[in-house]
Amino acid sequence: MHKLYNNNLLAPGHTACRGCGEALGARLVLNAAGPKTIVTNATGCLEVFSTRYPQSAWEVPWIHSLFENSAAVASGVAAALKSMGREDEARVIAQGGDGGTADIGLQALSGTLERGDDVLYVCYDNEAYMNTGVQRSGLTPPGAHTTTSPVGKVSIGNKTNKKDLPSIVAAHHIPYMATASVGFPADLQRKVKKAVSIKGPKYIQVFVPCPLGWGSDPALTIKIAKLIVETALFPLYEKEDGKLTSLRKLVKRKPVSEYFKLQKRFAHLFKTEEGKREMERIQAIADKNAEEYGLTSKPKAP
Amino acid sequence: MKEIRIHGRGGQGVVTAADLLAVAAFHDGKYAQAFPSFGSERMGAPVESFVKISKETVRSKTQVHKPDFLIIQDPTLFLGVDVLRGLKKDGLIIVNTDKKPEELNIKNGFRILTIPATDIALEILGRPIPNTTLLGAFAGATGIVSIEAIEKSIKGRFPGSLAEKNLKATKAAYKRIKE
Amino acid sequence: MSIEVFIYPGTSVENKTGSWRVFWPKYLHDKCIGCGNCVTFCPEGCVAGKGRGREATYEADMDFCKGCGICAEECPVNDIEMVREEV
Amino acid sequence: MFAAIEGSLAVAEAVKRCKPDVVSAYPITPQTHIIEELAKMIANGELKAEYVNVESEHSAASVVLGASATGARAYTATTSQGLLLMVEVLYCIAGLRLPVVLGAANRAVSAPINIWNDFQDTMAARDTGWIQLYAENNQEASDLHIQAYKIAENKDVRLPVMVCMDGYLITHSIEPVRIPSKEEVDKFLPSYRPEHCLTTKEPLTFGYLMGSEGYMETRYLIHEAMENAKGVIEDVAKDFSSVFGRFCGGLVEEYRLDNAQFVFVSMGTMVGVIKEAVDALRTEGKKVGALKIRSFRPFPKEAVIKALKGAAGVMVIEKDVSLGSAGALALEVKDTLYGLKKMPKVKGYIAGLGGREVLNETIVKALTLFDSDVKEPVFLDLKESVEGRKYA
């Protein structure tokens, strides 16, 4: 039996970029879930940087087939375990990026959740198609520059709001769902542990910065992953059987500009009047989040 | 080989009739093939089904183009559908109607047999589904399948009381034709 | 010829990504309070340590460290210094 | 049990006796009766399996992929658009060397939407790495399903198998079928024990990324497995006959090829019509015969050469068309015979698209047109009113 490197279920030697939030997120998730886990993976950065033949970074049984079917493959794994009386052998985790989850894989995800399959789906949200070179996804936030929502003379970057995927997931009335960020690893790992202890469909959306796609300093991955939460743009919460059971409150909310200024994808917002107006609009989204979720006792913009 | 074409409307059990007839022929020790006209037709639309009965294996999976027998489950079909197409010269038409054959205005000199199958079905089954009743008439008129085989076929297809009711209707029609 | 449809677990350790570094994290072992941030936040999972609290000594495995600088950034007592690699 | 039974039900009975652990499918006409029957068997406890209701064929294929990779025996069925939606996953199932069995109720593809039988759907999936077997009648559809698992799970093959059966003509028709007993199937088909699968006992990584250093070799190895499958398909047919007492399988079936000058080559239920036509033509003194291609993938080149090398003329009639070229089967046959010392003349015909009936007359017409200079592929029974008109 070979020895795990530093007790990690995602071994080093993978080819993720320096400072990759997704590599960190996957390692934290797997370590929390433990070795009795079977993982299905959507096509994307995570799959590409971890399984280049003949080397694998995974220490758990793992399978990838396509972009949009991670959830459905996981359903097949869960059905097989159940049918063969191997349910106690492993928990099933389906993984995907934001494109593989919120866009092309949304239908399969919905199917898995709706059927009540015993699967934890983890979406690593880095807000664009990074594997193919930073194209816009349904989870790309407004104002962000990507290669398919570029900033131009008549464009301020991505024009659409970030799809509220957690609410779409919540509408399936599953037993457990949560949002998390690699900026708060203890919180993330606690949520994973809780999720895998529950039978039925579970969902966790993990915010994972992408230094390459966002134009951020690799060293600031954690700082950025904290800031998005602290601005109220990405509230951290848990819902069990549809009820909000935990919420990460904010002592002092930070302005979105503080989060934006660390990333080149938002740099244009600081340069023009139009950019500033867009920034104000996004600040209003954060304010609304803070109010709706009750993130601060005094929900007003700082 | 004897070929039967059944005409009716969606919801009248046209496909079931063909199935029951084929299974009955099989019970009689014959080779039988049945299939519907595979429409995406909805309730009320004209539909057809086909049955081939032979002493030997029937290899051609084709529709019935030159029928020996026609079963017409709804006389209104004469108006819109060329139900008589391909019928052999000595072919027999069994029509569900309370009219007499000569009242149907069908020329060409085909043999015609009429039976008020819907009335019988309504009386016995309580529903206007004439398919099993017409099978009783078919067995009585042609002898291609035995009434015992049809009985077996119906019992294999429907649950208890529904099978009994259908059998009653089938036998009523069989008797009526025999008499 | 034989190519299996699977590959063996954890074999990525054969790929020494340490060569990617431009800066390397120098663990000063001076002010360390043993919080473990450097271990937790490493995207490679290549930081490990011995001891507890102020006795703790952490090190990044230079075979794999890509020099992202997260550990230095997240060290609450600035006990890790990013140093330029020299050839 | 010998019973007059609908093709779909006969297939479901066969699948049940193969004891799949996981069944997943999405409803689509004319495949529905198969999966409804399997769902019923599972609901009644007759078949101990998980039935996974999915939201698309893409997911149905993905579910059986996941299940098979976990070591389960898995089954799915589909047709037409559903099969096309699955194609992406079908490549993966073959690439991962998973012995899934799929029942394909052959149907035309859109547009125009047409739910009736032809082979354009499975022909679009012919390069996915799946073995494709085509059934002539209900008995074959049932028997080939049982053989499919044995072929797929053979360690020298390890490829998924698609059992192709004419939509409606098989799925919805009633015919007498010998349904094997549980004991016979148990004797014939051992339980499935893959050497490697997704298990925490051996945490392997499946579905890795591979560059140009090895991808081509994986393709070559699938091709080699297809070549191996030729022998396995024949062996499994022999095993089948020794257990079940009837021969129903193998790569091809020769029909009245003794001294045959002209040979019809075809697949599926059309072969039944051709056999009848051959008998009729023989009584007229015409030296004709037929060759049924049961295995289209792998394509049995050797068996085809053996069957056709003495013929003067070969007429390939098929229910598919590679638009702008010819019928897929005709291309295979021509390629196979090319370069023979005495190469028969081959003519390709397209027939029966979108459920148009192929009748005895259709077959006879193919023979009459053999020496004509009608351009290939010859569309049989094409309506005069359509010829020369624009489709716009």
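A, B, C and D label the chains in the order they appear, each numbered from 1.
Basically, a residue touches a chain if its C-beta (ideal position, glycine included) is under 8 Å from a C-beta of that chain, and two chains touch if they have at least 3 such contacts.
This one's a predicted model, so the numbers in the text were calculated from it and none came from an experiment.
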Using the touch rule from the top, work out which pair, A-C or C-D, shares more C-beta pairs.
A-C
Length of the line joining the C-alpha centres of chain A and chain C, rounded to whole Å
24
Between chain A and chain B, what distance separates the C-alpha centroids? Give it in angstrom.
63
So how far apart, in whole Å, are chain C and chain D when each is placed at the average of its C-alpha atoms?
55
Starting from the mean Cα coordinates of chain B and chain D, work out the distance between those two points in Å.
34
In chain C, the residues touching two or more other chains are 7-9
Chain D, residues touching no fewer than two other chains
96, 203-206, 208, 214
Can you list the chain A residues in contact with two or more other chains?
51, 53-54, 56, 58-60
Viewed as a graph of touching chains, is the assembly arranged as a line, ring, star, complete set, or other?
other
Could you please write down every pair of chains that are in touch?
A-C, A-D, B-D, C-D
In their shared complex, chain C is touched by residues of chain D numbered 95-97, 196, 203-206, 208, 214, 217-218, 220-221
Provide the residue numbers of chain A that touch chain D in the complex, in ascending order.
35-38, 40-41, 47-48, 51-54, 56, 58-66, 68-69, 72-84, 86, 89-90, 107-108, 110-111, 114-115, 117
Using the touch definition up top, name the residues of chain D that touch chain B in the complex.
3-4, 6, 29-30, 115-116, 137, 166-170, 172-176, 269, 272-273, 275-276, 355, 357-360
Applying the document's contact rule, which stretches of chain D touch chain A when the two form their complex?
21-22, 24, 48-50, 52-56, 58-59, 62-72, 74, 88-89, 92, 96, 198-200, 202-211, 213-214
Parts of chain C lying in touch with chain D, wherever the complex brings them together
1, 3-9
